[in-house]
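In the two assemblies presented below, chain A is common to both, partnered first by chain B and then by chain C.
Right after this comes the complex of A and B.
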């Protein structure tokens, strides 16, 4: 319907204003203050409690290094947020890759938004390496050497059987490979895209399809194995064959919500004028569909464990449902509600998907809901009864979120906001459903 | 649009060669005060439904209601059989344990929606074993765009409408009686 004359200019340069930089700095400082406050309270409160226990139980002091340290909660939060934002970042690359492979036209106009997300990968990658070196022994049960020693009373035949996969050198190699492969391939696609802006032609488009497809092949394997490494291995005994899919579903829909949120926000700030209601409608459909997909995978995993009723599997849900004094029961339902029922009901109608404010509400629901998804998976295994939701959690989210926004905003300034020489741009500008 | 067979039905049929022409023609013909019965095209034309002034489809609401019916049927079935009529303990679980019944609720929601939509499609398009569909011009399934105008529902005369159609770009104007 739209004629060529009604299409706004594609020349747009995003400006990362000093005002937004100031706000983000304040956000990061507030986060640091909150984390400091939380750490202070944790060190005071729980530290003294353990001191009394240690004095009483002289015989148990041999197990001293199993005792809970208040810093564990701090590092568990770094790990949790790193995993969450790694997923958000890598989904940008995932989106680019499958859109190239499908030769999708409609999404070309806001392609710079998913393209900006993976720049955050080195930050989370390095933080995860640091966390593993500093606190790996407290967070990952399988790092304890005596579990694999047949003569030790701690010997655990089940965990010993997983030694081929769960050992420190191989874990570190995998961690580095994931980030190197994801980030490296993104850099390639990003450079192609920026050069295409200047030189035009279809050469870079063809190359992007090739390397994007290579990424999909690699990601097909690494998305599953990284989910086992980053999240599932914390519950060392437990395993689920659905877990790779489950984490990918969670990461993917989080990334989609962030892409949509950024597109809508840019539009509200007066950028991306060429994005019309049909683009928003399709983004809304994406979020709607993948929220249902997440719920489907979540339920498939839960259902089989619930019905088979095997103790070594049900312990996972038992721990989250009634274990640790019941502190993980509320997040369990918040997670389910925010990730499925809320977006399902909010995004169901056509008008909702075409209304920016409704889309934004649904995006925030999904983004917050999936934080609780990872919270629910990681925290009971990492800190158990010492967990909770206090200043440390809020502060850490604030720090990571502000840093992530900073990284995305910086990337958005590095090129024209609309890929002006993308071969599919014309189709995207006329997108009409 | 369901079309009922009517012995007095008399239509004027404009045949167009191009989708852009027919899209523009719809606006011109409507501006001339002619009521258009329907436009037939071999492929969907973007914006045609808006130009024709069709109301928004209510198929989404229908789908939701079909799905809800299927869902409630299975809620009723599981509650009645396992919760009330003949409670059984299976696998050490409570007789009425909701998670076990979610798959059947989900499947029936999907099944009822799918079957309901097929039925809605057949009814709203006037298709069925005994219904004879109105075919204005066979070439609308090939490479022509066909605009049908019901003469009984228009105040203008046949010749006046034919002139409007021709000036709007119709390659042929035929009379069709059923």
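Right after this comes the complex of A and C.
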């Protein structure tokens, strides 16, 4: 499979054009307008959930003690997108860290792409803090003090038992620690990487391995605990030991798809000339493998709960399958199809993984599919039967996606697009499989 | 053109030529058995004979000879089964997953690791047969036509899934291992000096002719088998974990079991590979091929998988508390502080704490430390399965059924049997087949040698030089 290829120059500077900025600004404005429209409709009580309510009137008579506010759906969307893009961003760091530790050579040439992702972490981190402060009581059932009060009629012994973990100060401390640790270690690696460009040598490479490994140690614990905090605690009674790794699998493959999509798009714009079909092929393999891995943990979690049939566990899938007027059943299957069957079939052949357009289709499938994954895990707990797909959802995705692209593009301009002094660069430039 | 970065460390030392590789590795196959080998084989074989007698007695007399009681219906049998299956996983990981990842250090350890896989799975299967009580009816586990009686397997049972998983795993591992052996068997065939070995190795090498097309087919089949083996190796221990996790027994029913079992399996398997390779490299004088780099890389994987297992332990423990399910909470508290506390803490120390010593570069590159810690890891992994199985079973929902398990001499001897079987098979393999994949090591000589000899094809320096069967520099 040897092919003759000349190695193009490694000197490339990405330009974040005014045209791109204009498009992204329009995207954000459109998103804001959509969210505004959605909010207006929701405030007026004209929304998709009304139909559901009409169709299943009285189903929510046992809705509970906290009256539903239309703003909840707005904040739930902020939270959902923040969790999703936090995962996409931190996966860039995760990728860098394990590539350093495993002494991967082939990936060096497009290393600046995963390196650009974690810059978005402060944005989602701050948004999550704000959301928690503003709408914490609406989104997180466990934030209500009366649940822990023995004399209150609302006393819930199970939730009270979780107090050591689920309490506001500890939650906030954890949230801050996650973002500080992930972002801080990324800044270190990023600085090493940019200085390596200027100074060369292997000193920064060795340091990157050390701090990358430190990140992996921290991420080993925080990836699970953050999944419990950000998503699992919304379904306060429910628990699953797999949930941390399940969320990690989802975050990771989303990040892989975003990395691949950015690499392919840059190549189409005439950048990253040194990236060849073999690199794309390997990225395709990663997406293929980790889509299967996601399906594996999804299935293992689902099957074990289904098989053991314990009511405190099955309720999670019951709610998503038939609960809330059945509005979460379609996303449930869309999720499975987009996250597993679609990439599995599309990326099966060798040629598919080496063809940019097919790769892009698979990337979009995975990226959209995993939005549904988080939607399915967050929305039933956050808004219940008031959920749906309306202007708020689409608008919020548009705002976050445009902001994320903006952040990534800005980062890409901050250094040479190819890490010119990376010790593995030669291996990567001659990558040929 | 492939480039190797200068930051990479060499994987073959001693300035070996291609001829040296052939010579160094074939020497053991072609020469007389060494003293060490003969002694080791004699001991293993005696252990196997003793173990076989005990297994025979277990079958003859029935499972009553084990220490099982009405509450603890699974103990050492399934512990041993899971332990051996787990050990097998490293072989497939090295040969399949590391092949997909193009890790060059796998080339000199994959052959022995795959052989270990096959023998470990055989040992595991022996416990499945043993614990059936009536092993002559083992075919009942297969979905055979009803002419065998009004009998149809219960496909809802994870134990049946296990039968499929293990037998598929064994078959694919065997095929993978054998395909990898073919080119090397042909080398031995071509070097054979007597008719018997030429006939045997000639038959085994399936008419391999070393042509370009043959090699191309060989590469395809390797990649396809690696592709098949990768999900397979994950699925096998996943299904083993289903044996427990599909139940509603506290301590068993937890959703993290599948990936956690897989990580634990790779963890213990790598420890066993370390033990085998550390002995092999000294006895067979293969220090130039199984270098400190190999040992260090494997120790890193041991640390990684050990830490993944550690995260799983903590997760299980945390969720047992977080869920508020009192049975789960009790199961974990009982593990830690109940009558089997020593097993729990043995598991924790051996599996989670001891591999963390490998964070020190000195320890990770020390032969003695590596050997000792690898043994420790496998002790820990045996205790892990014992803890999961026995501590969850010995406290039934009804306190009147609470019991303790004490192993009888047959529990112990049947376990010893599996060691006899494993080492007998492994020693036979080490003597009669090349323990290192010669042609794959040759494939990395140019890229990963410490120093390249002037002529990389070279002439062997062994005693065969006086009377070479093939010497390309002769003219």
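Operating definition for what follows: the second predicted complex is superposed on the first by the 408 of 433 C-alpha atoms of A that agree within 3 Å, B and C clash if a C-alpha of one lies under 4 Å from a C-alpha of the other, contacts with A are read in each partner's own complex, and residues count from 1 in each chain.
Methods note: a contact is a pair of C-beta atoms (placed from the backbone, for glycine too) under 8 Å apart; a residue touches a chain by one contact, two chains touch by 3 or more.
Remember, it's a predicted structure, so these values are computed and weren't measured experimentally.
**Q** For the three-chain model obtained by superposing on chain A, do chain B and chain C clash or fit?
**A** In the arrangement built by aligning on chain A, the partners chain C and chain B clash.
**Q** Counting only touches as set out at the top, which of chain B and chain C does A:40 meet: first, second, both, neither?
**A** In the superposition, A:40 touches no partner, neither chain B nor chain C.
**Q** When the two structures are overlaid on chain A, which partner does A:205 contact: first (chain B), second (chain C), both, or neither?
**A** second
**Q** With the two structures laid over each other on chain A, which partner does A:239 touch: chain B (first), chain C (second), both, or neither?
**A** Only chain C is touched by A:239; chain B is not.
**Q** So which one touches more of the residues on chain A, chain B or chain C?
**A** Larger number of chain A residues touched: C.
**Q** Could you say whether A:292 touches chain B, chain C, both of them, or neither, answering first, second, both or neither?
**A** In the superposed model, A:292 contacts chain C only, not chain B.
**Q** Check the residue A:432 against both partner chains and state whether it touches chain B (first), chain C (second), both, or neither.
**A** Touch partners of A:432: chain B and chain C.
**Q** Between chain B (first) and chain C (second), which does A:307 come into contact with in this model arrangement: first, second, both, or neither?
**A** both
**Q** Who does A:337 touch here: chain B (first), chain C (second), both, or neither?
**A** It touches nothing on chain B or chain C.
**Q** In the superposed arrangement, what residues of chain A touch both chain B and chain C?
**A** On chain A, the residues that contact chain B in one structure and chain C in the other are 303, 307, 432.
**Q** Using the touch rule from the top, collect the residues of chain A that touch chain C in their complex.
**A** Touch list, chain A to chain C: 2, 102-103, 105-106, 157-158, 161-162, 165, 202, 205, 217, 220-221, 224, 228, 239-245, 285, 289, 292, 296-297, 300-301, 303-305, 307-308, 310, 312, 423-424, 426-427, 429-430, 432-433.
**Q** Provide the residue numbers of chain A that touch chain B in the complex, in ascending order.
**A** 1, 299, 302-303, 306-307, 309, 348-350, 432
**Q** Touching chain A in the complex: which residues of chain C?
**A** 1-8, 100-102, 230-231, 234, 238, 242, 245-248, 253-259, 307-308, 311-312, 314-316, 318-319, 322-325
**Q** Which part of chain B faces chain A closely enough to touch in the complex?
**A** Residue positions touching the partner: 46-47, 50, 60, 64, 91-93, 99-100, 102-103.
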